[in-house]
Amino acid sequence: MDLLKIGGRDFSSRLFVGTGKFPSNKLMLESILASGSEMITVAMKRIDMQHEEDDDMMRHINRDKVQFLPNTSGVRNAEEAILAAKLSRDCFGTDFIKLEIHPDPKYLLPDPIETLKATEVLAREGFVVLPYIQADPVLCKRLEEVGSAAVMPLGAPIGTNKGLKTRDLLEIIIAESRVPVVIDAGLGAPSHAADAMEMGADAVLVNTAIAVAGNPVEMAVAFKLAVEAGRKAYLAGLGRQSTFAQATSPLTSFLD
Amino acid sequence: MDLLKIGGRDFSSRLFVGTGKFPSNKLMLESILASGSEMITVAMKRIDMQHEEDDDMMRHINRDKVQFLPNTSGVRNAEEAILAAKLSRDCFGTDFIKLEIHPDPKYLLPDPIETLKATEVLAREGFVVLPYIQADPVLCKRLEEVGSAAVMPLGAPIGTNKGLKTRDLLEIIIAESRVPVVIDAGLGAPSHAADAMEMGADAVLVNTAIAVAGNPVEMAVAFKLAVEAGRKAYLAGLGRQSTFAQATSPLTSFLD
Amino acid sequence: MDLLKIGGRDFSSRLFVGTGKFPSNKLMLESILASGSEMITVAMKRIDMQHEEDDDMMRHINRDKVQFLPNTSGVRNAEEAILAAKLSRDCFGTDFIKLEIHPDPKYLLPDPIETLKATEVLAREGFVVLPYIQADPVLCKRLEEVGSAAVMPLGAPIGTNKGLKTRDLLEIIIAESRVPVVIDAGLGAPSHAADAMEMGADAVLVNTAIAVAGNPVEMAVAFKLAVEAGRKAYLAGLGRQSTFAQATSPLTSFLD
Amino acid sequence: MDLLKIGGRDFSSRLFVGTGKFPSNKLMLESILASGSEMITVAMKRIDMQHEEDDDMMRHINRDKVQFLPNTSGVRNAEEAILAAKLSRDCFGTDFIKLEIHPDPKYLLPDPIETLKATEVLAREGFVVLPYIQADPVLCKRLEEVGSAAVMPLGAPIGTNKGLKTRDLLEIIIAESRVPVVIDAGLGAPSHAADAMEMGADAVLVNTAIAVAGNPVEMAVAFKLAVEAGRKAYLAGLGRQSTFAQATSPLTSFLD
């Protein structure tokens, strides 16, 4: 069976789903279930509301099947990230942590230096670290060297829905990486997710595109199918692009 | 239910599949079945071999469920196309005809003038005409006016696997057409098919990408899933692309 | 010397310029002069105003150096185009005619059928016909066969400034054409014009991008330089794209 | 006058040229002169050959007009880079240094961590540091903070000639940077250079595309013109892209 292994755990779904921006917690929950995802990101902020409806949301998710992936969104440096990771371990009861360190609130782009620092510390302390980073092949290797459980390069700036704008660099990352490559951020349509999987990515993370869709639950299903399609195509072996036409039909010769 | 109507017939699958270039008839047949396609193109040439194995192939396809779409591949002008269409009607017992008129054997690109002429004649004679054409919005409207049952603009030159290279013109065609738009030629990966459906195409035709895949049967399934994903996403309402980042997670503020 | 020949005339500039949409006739005239263009399109409409300022504009252009290229913009079929061409011959005193037949006022896209018809008639009557068309390789060959002096495929829908969206088809047109290929419509920036020339186009036509620029005269110079750059690069022989890095500097080895 | 200021020096040309990969030193020299460049990169390696023909090359360049930009190509970390920079200062008699730290010899992609470290040290010691980096907006800001004289994000992996593959991130870098942004690596054609300048880049560095051209001297001129074209267009104000056609000619109404 085609399983993805991260942090000693097996995943049969290669679609990771984020929980932000949904119109309601009810729609979020239904979308997550519809997506078939086994890895869902949860924001630290939610722990402030644990006696409220969010807490309720958590109860509906079967954590034997679904891995929570707390993120550190909002922290600005390694120190804050490490603190946030430790708090999240207590709150969510998991060593998995999605490292997001973005000092700039406008574009929310990741800081390579602080991310490497925090990854090194957290990996040493037993965390399963999945860092959100630029599509920077050298940084990916360095993260791998300090114990990153996977790398999560961005396809396009977060929330832009633009697709695989960093394609040329992602191809290098996928070719060189010895840890799973999860394309994070920028995937705005199922075709983008299929594209990422066809390139050989190990998984994708989608949030905005599902959460802001006209019908988030149906969109979650669409992404589920697209990720399966892309993975299957990768395994089945895609043909090459060519410059010249090649007839698919035997040319009709009966008229000659 | 979300059905596609062409020539008075309903289709629940929006993936049309071609039958050329497969390594064997057995693989072709299995791939067609796996694709779930209800519209498959067949080349005139096959009728020459009707007592041989091709004939055998035909018997395995349930024509109550699957519509044969004979093509005129190899003809060079309207006159030859009309003759080929009539022969195909006798042979295959269907009024459906995929009009392919390409005078040049190198690129196999369609001739707009001859295609319009043949469409007009054949539509008047009761054929269900699906013409393969350039992504030319004005030509599409003229084909519609003379009775074309659908239009089949190309995404990229046939057999190149390049995807939606004619995107800007396809968008206009989809916006303006009153007959179904089927993207034909150039779709080289499931992500391309999903992309076409997300844009609002009514269906796609795929041949090369499935036939030359390492594993054609698995690739057929991949395309099936991708077409469903793209259609679902179109109906569910995709979000827009934006220039700036938008945080998906509530930013962690507990550290402030 | 690297000259472009059309209709028995030599052109040393490969930038054709349109005269529509400028903020004033004065800016239009200055931009044309700054562009160094030797072929400028003029709209039939201007003949209605011949006793007014437009007429004045015409006097400043040295027609020994600059060829007027009247267009038929606004006509909807071959018949109207032929009439417009004849009127323009009388008014402008030239056999050159840019054929633009676009029945649809929304996208202003060309009609392939009517364009071929009109080209055939006008070429027979001694006109130097430059038809504006889709990037349709088969149509280009047919226009060539009936006496088209050049072909003018569009890079993108007119006025959109999107650049060479029809690249894959333009490459085929350029490879196959025996008459000059002039990329018309959609070129929104000097880089797009350079790109077209690098591909091997014989010339480009630019209007909107110059006319609506903040400073049209400077933009005209920018396009002039870009067209020269692109042509020079084409003649000098561009390198190929590659997948892997290749060091440009001898790697420093003194440290080893 | 439109001057670029780096390290207290004014540049009227915005085309930086590399000196590697040329078929001969004679062609390199002629190409540099033809390019009009006032900033040329030189590899440390050349200092080993100072009594040979390279040395001769140097004599022909007027260093009052042209700034030498030694690079550290081949170093693998900050320590080696700092050593190389100091040696190059002695050899070439300049504080300008192009920092290239790429631990991996296959793709020659830059290391963000070591580059930041070396930049900080070298800037403090009075060097004019121009670091070659990924198109990473956060890293660019950090380099700026530690005293980088400019930033040199890559357009595509070095030597690939692919153009502005990192466009979406370059746009952010240009919008946010307070030091000059020089697009380095990947520019394979004059149109790519024009494109970079139109986006608002302050300069571009080109090497492979000139050095491996069929005619390097003519290609150098082509890049010179393209950079001027792109800069001029940026200053003149480019129009926006639009979705719908807009007629450039007043539509012919005399027929109505």
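The first chain written gets the first letter, and so on, giving A, B, C and D; residue counts start at 1 in each chain.
Methods note: a residue touches a chain if its C-beta (ideal position, glycine included) is under 8 Å from a C-beta of that chain, and two chains touch if they have at least 3 such contacts.
In UniProt terms, the chains line up like this: A, B, C, D = Thiazole synthase.
The structure presented is a predicted model; accordingly, all values stated were derived computationally and were not measured.
Steps needed, at minimum, to get from subunit B (Thiazole synthase) to subunit D (Thiazole synthase) via touching chains?
The least step count works out to 2.
Report the chain whose mean Cα position is at the greatest distance from that of subunit D (Thiazole synthase).
The chain lying farthest from subunit D (Thiazole synthase) is B.
Call it same or different for subunit B (Thiazole synthase) and subunit C (Thiazole synthase): same when shared residue numbers make up over half of all numbers used at their interface.
Same, since most residue numbers here occur in both copies.
Calculate how many whole Å lie between the centre of subunit A (Thiazole synthase) and the centre of subunit C (Thiazole synthase), each centre taken as the average of the chain's C-alpha atoms.
46
Would you mind pulling out the distance in Å between where the CA atoms of subunit C (Thiazole synthase) average out and where those of subunit D (Thiazole synthase) do?
The separation of the two C-alpha centroids amounts to 32 Å.
Taking each residue of subunit B (Thiazole synthase) in turn, which ones touch at least two of the other chains?
107, 109, 157, 160, 162
Touch graph across the chains, line, ring, star, complete or other?
ring
For each chain, which other chains does it touch, given as pairs?
A-B, A-D, B-C, C-D
Please output the residues of subunit C (Thiazole synthase) touching subunit B (Thiazole synthase) within their complex, sorted ascending.
102-104, 107, 109-113, 116, 134, 136-139, 141-142, 156-157, 160, 162, 165-169, 172
Given the complex with subunit B (Thiazole synthase), which residues does subunit A (Thiazole synthase) contribute to the contact?
18-21, 41, 43-48, 71-75, 80, 83-84, 87, 100, 105-109, 157-162, 188-192, 194-195, 198, 207-209, 211-216, 218-219, 221-226, 228-230, 232-233, 235-255
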